[in-house]
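Which chain is which? They are A, B, C and D, in the order written, and residues in each are numbered from 1.
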Amino acid sequence: MEGDKKLSLFEKIFFIEIIKGHLLTLKYMFGKNVTVMYPDEKRAPVPKSRGIHTFKLESDGTERCNACGLCAKFCPSNCITIKGEKVDGKRIVTQYDIDITRCIFCGMCVDACPKDAIAMVEEYEISVYNKDEMNLDQQGMHKYSSRVPS
Amino acid sequence: MPRKMTINMGPQHPSTHGVLRVILELEGENVVGSDMEVGLLHRGIEKLAESMTYQQIVTLTDRLDYVTSMTNNITYVMAVEKLLGIEIPPRGEYIRTLIAEMQRVVNHMMFVGIYAMDLGAITPVFQTFRDREIILDLFEMISGARLTYSFFRVGGMREEIPQEFFDKTKDFNDKLLGMIAEYETLLTRNRIFRARNIGVGVVSKEYAINCGLTGPVLRASGVPYDLRKAKPYLMYDKMDFEIAVGDNGDCYDRYLVRIKELKESQKIIAQCLEQMPSGASNCEDYKKYKIPKPFKVPAGEVYFSTECPKGELGFYIISDGTKSPYRIKINSPSYINTAALSGMIEGALIADVVATIASLDIVLGELDK
Amino acid sequence: MEVILGIAIILIKILTIFGVTMFIAGWTTWVERKIIGDMQFRVGVERTGPYGLMQPMADGLKLFFKESIVPDGCDRVTYELAPVLALVPAIMSIAIVPFAGSADSFKIFGQTPFIAANINIGILFLFAWSSLSPYGMIFAGWSSNNKYSLLGALRSAALVISYEIPFGFSIIGILMIVGSLNLIDIVNAQGSYHWFIYRQPVAALVFFISIVAETNRPPFDLSEAESELVAGYFTEYAGMRFSLFFLGEYIMLFVISSMFTVFFLGGWHGPFISYDVVNNTWVQAIPGIGILWFVIKSYFIVFVYMWLRASLPRIRYDQMMSFCWKVLLPLSILNIFTTALLNLDKL
Amino acid sequence: MKKENLKNMNDIGAAEALKKHFPSAVESAELVNHEAVVYVRKDDIKKVLAYLKEKVGFEYLFSITGVDYPDRTPRFDIVYHLKTLEHPLQLTIKVKVEEGTDVDSVYDIFKSANWCEREAYDMVGVPFKGHPNMTRLFMWEGFEGYPLRKDFPLYTEDK
C-alpha cells in the first residue's frame, strides 16, 4: 500500500519524519486551543437537542395532555407512568412520572404524542445529589415549559 | 524448562477497549497461549427485541456499536424494509449513503486516535476527537443527540434534514483531506510506529476467510471484499470509489486500509452532496410506519447486512406476522473479528497483543450484544 | 572559625538546593501538563489557583492524605524500601549539579561555586547514583506481588543494562578532550561558544537518547507503559509511596537535563559574558545571570522531553534493546575513536 | 453444482442445485422473502457444509444461530449462513434439532464456527458434538436456563 514504502537512507539518518511530527506538535502549541471551558462557558445549545422532557402548554397555561398513554406505551424502556381522569367531560392527566434514571432520551414519547403535548428541551444539566429527585413528576414537567413555543 | 505465567488482561485494563478479558499464557513476555472471556456487557438485546415493536428496536441498535449508531440504525431499518417490501425515494437513499459515510469517517477517526493511544502516542487521539466533534455537532443538528441518534425509522427518518446540514457537511468535507494529512504526519511514516506495526498480528488470507473476518481486517489481508461493491445497496453502485486492500495482513496494513477508506469516504460524501436530488425522503405511505401505531410485518425471514465501518453488520430477522419480531440475530463485526484473536497473537509480545486488539477496532457493546 | 563557616556554607547550600529542587520537581509536573496540553490544543490544569499553578500543591496534599494500600502477599520490607530507593539516588545526584561555577561574579562567601559538592569525580558520582535508581523499580516490581509490576520491573532491568553502556561511552569523548572528571572543569572547557553539542554531535545524540531511557520517559517508558502494563512497576503503590516515585522521576528528570546542559550546552555560560584578562578566565558580566542561563538551558531540555512525549509512540522493549546494542553502542564507540584520532596531540 | 456455474446463478438457483446434488440430505430448498433457505437433514450437515466449502466455494460462514419453536417437533432450528466472496451469493442452511439431541460441530471445517456454535449453545441450549470447548460464551458458568428459548422469562419479580 501507499504508505508502505521503506524509509530512505536520508530520512533514516536525519530523522526527517520524526522532525516533521515534532514541528506539527510545535505548531499546535502556538495554535488555538479548542477546549470549551465547561462550567464557565457552554456550547451553544442545538434547538433540537434531546434533553429533559417538558409539557407543552396551551396559551392559557393548561396542559395539552389528555392522558391517552401512548407515550408510556411506546417508551422503549418503560419509564413513563401516566394516569388520567375525566373532569367536566375532558380527560386530564392526574399523574405523570418519568423515571429519568431509566430514560434513554430517544425521543419516542415526543414522536408518539398525538396531541403534541410533550417536548424535549436542550437542558442537559440534570444531575442531582439525591436519586429520588431523578423522578420527573407532573410538577417537574412544567419547569421548562416556557422554553418551548406553544 | 521455562516456567509459564498466566496473566489476566482485562476486564479492567487500559487497552482492552471495554470489558474484554484476555487470559494470556506467557513465557517471559512471549504469548504461548490465550483464551478469551466475553459477555461482561451482555444485555440480551436479541431477547429484548422479541418483546418490542419494530419501531422501538431502533433504540436498541444504537447501543450495539455506540460509535457508529447511524449505520446500525440504517442497517436495521433497511432489513425491516426489505421484509416489508418498502422502497424509499432516491433522496432518502442518498441521505442514508451520506450519513453512513460520515459515520464511517467518525469511526475511522476514532480508530486512528485510539490505536495511536494504545501504541503510546497521545496527541493523535486529541486530533481525531477534535475533528470528530464537527461531525457529532452535525448529527446533533439533525437528530438531537450526539451518540445514540435513533434517527432512522422504518420507511424513512425521524425528521427532515435542513439545508444548513448539507452546507456545513460540505465545508467539513472540503477540509477532511487536510485533517487526515495531519494524522498521518504523526503516524504513517514514523519509524517507531512502523516498527511497532509492520509484521505484527499477521493474518493470512486463508485464515481470514476461514475465520470469517470482516471489514478492514479482512481487506487488509488481501481479500478485496466490500459489501458496498459486492452487493451494492443504497446508492453505492452510483458512487465512484475504490476498495482499500492491504498486502500483508499486519497491523500496519489494517491502519493503512482505514486511512485509505477515510479518503474514499471523503470522495463518496462529496459525490452524495453533489448528486443529492430534491423531493421526498420518506417512503410513500410513511404514515403507516410512523410511531404512535405499531405495524405488522408479514411472516417470513430476512438476512440483511451492510458494510459498517467495522465490517459486515447483519440483521437476521424472523417474523411471525405480529408487531414484534419472532427472533432477531445480530451478526456483528466485532464479535466475529475478536473470535479470531487467539490465532493472531500466538507468539507475540504483550505490546503486540495490545496493538493487535486495537487494530481490530472492536467495541464491546457490539461484541456482547 | 573557618571550619564552622565552611560547614555552615555547605549546610546552607544543601538546604537551598534541596528545597529549590523539590520545588522545581513539583512544578515541573505543572509545566508538563501545561505544555502537553498546549500541544494537544487543550488547556491543561487551570482550576487550582491562577493558571492552575497550585495544582502540584493540591496533588501533593491529596497523595499525602491518601491511604497507602499494602497489597496482600507483598514482601513488606522491600515494598517499603522501593520508593525510598527510587527517590534517594535522584536527590543525591543534585549534589553535583553546578548551577553556577566560580567564574560567575555572583558569589556567596568569596569564591564558593554554586554547587553542593564540587568533587573531582563528579561524573562517576552521577553514574553511580543514577545506576542505583533501577533497583527501586526492581524492588517495587518484585515485592508488590503483581504480575504487571513484575513485568515492568524486568523490563527496566533489561533496559538498564542496554542503555547504561552507551550512556557512559558517549561522554568519554568529552573526558578525553577536557582531561578531567570535574563538572566545573567541563563547563569551563566549553566557554561561551565552544559547546560540545557541535564539537561532539554524535555523542550528544547518543547521550540524549540514553538519558530519555534513563529517566523512563516516553518514548522509552517501557517499564510503566500504561497501555500495556497498566502502570508497570508502581501499579500497586498509592498515596505517599506513589508520590515518592513520582517525585524521584521528576527530580531525576531535572538532574539529567542539567547534566546535558553541563556536558553539551556550556553550563552556566551564555551571552552577557566577558573575558577577565587579569585572571585569564571567563566571567559573567551580570551577577547571577549564570544561574539563569543554566536553568533556561536545562528547562529547554525538559521541554524537549515533553515534546517527545507529545509526538512519539512508545517503542517496544525488544526493539529498544536492539537499538541500544546495535546502533547506540557502535555509534558511541565510533565517537570515542574519532575523538581520539582528532585529539592525538592532547594525549 | 460447480464453482464455475456460480457466476450465472442466483441464491435460489444455488439452493436448488444443492438439492439436486444431495437429493436425500436436503429436505427442501425454497425462497423465503428473497432468502434461499435450505433445510438439511441433521446427520448430513457436516457433509453438506464441507462440500459447499471445498467444491462450490461457499467458503465464508459468518453466522450460526438457534431459533426456538416451542410448539413444533423437532423444537429447534439451527441456522447457518454461508456466502461466497467472489459472487454475491448467500445461502441460509437450516437444521431441525429436537430438544436433548446434539448437532455435529463444523469447527474443523470453518474456524468461524468456534464462537458461533458456543453462542448458539449458550442461547438456545443445543450442544454441538465435536466442538473442542463446548461451554457458555456470554452467560456465566452455572447460569440456569437458555435465554433465547421462548419459555425463558423476560422479566422476573424483583425481590
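Throughout what follows, a contact is a pair of C-beta atoms (placed from the backbone, for glycine too) under 8 Å apart; a residue touches a chain by one contact, two chains touch by 3 or more.
Computed from a predicted structure; not experimentally measured.
Novice: If you average the Cα atoms of each chain, whose average lands nearest the overall Cα average?
Specialist: B
Novice: Tell me which chain's centre, taken as the mean of its C-alpha atoms, is farthest from chain A.
Specialist: C
Novice: In whole angstrom, how far does the Cα centroid of chain B sit from the Cα centroid of chain C?
Specialist: That pair's centroid distance is 46 Å.
Novice: From the C-alpha centre of chain C to that of chain D, how far is it in Å?
Specialist: For chain C versus chain D, the centre distance works out to 64 Å.
Novice: Would you kindly tell me how far, in whole Å, the mean C-alpha position of chain D lies from that of chain B?
Specialist: Here chain B and chain D have centroids separated by 25 Å.
Novice: Roughly how far is chain A from chain D, going centre to centre by Cα mean, in whole Å?
Specialist: 42
Novice: Where in chain D do residues touch at least two different other chains?
Specialist: none
Novice: If you look at chain A, which of its residues touch at least two other chains?
Specialist: In chain A, 18, 21, 24-25, 28, 34 touch at least two other chains.
Novice: Find every residue in chain B that makes contact with two or more other chains and list them.
Specialist: If we look for residues of chain B contacting two or more partner chains, we find 123, 130, 186, 190.
Novice: Among all the chains shown, which pairs meet the touch rule set out at the top?
Specialist: Pairs satisfying the touch definition: A-B, A-C, B-C, B-D.
Novice: Within their complex, state which residues of chain A touch chain B.
Specialist: Its residues touching chain B are 1-4, 7, 11-12, 17-18, 20-21, 24-25, 28, 34, 46, 48-50, 70, 74, 76, 104-108, 111-114, 120.
Novice: Tell me, which parts of chain A touch chain C in their complex?
Specialist: 18, 21-22, 24-26, 28-29, 31-35, 37
Novice: For the complex, give me every residue of chain B touching chain A.
Specialist: Within the complex, chain B contacts chain A at residues 52-53, 55-56, 58-60, 62, 123, 130, 133, 137, 140-145, 148, 150, 158-159, 182, 184-186, 188-191, 194, 244-247, 252-253, 256-257, 259-260, 290-292.
Novice: For chain C, which residues count as touching chain B in their complex?
Specialist: My answer: residues 36, 39-42, 147-148, 151, 218-219, 221, 225-230, 309-319.
Novice: Once bound in the complex, which stretches of chain D touch chain B?
Specialist: Against chain B, the touching part of chain D is residues 32-35, 37, 59-63, 65, 67-68, 79, 81, 85, 88, 90, 92, 110-112, 114-116, 123, 136-140, 147-148, 152, 154.
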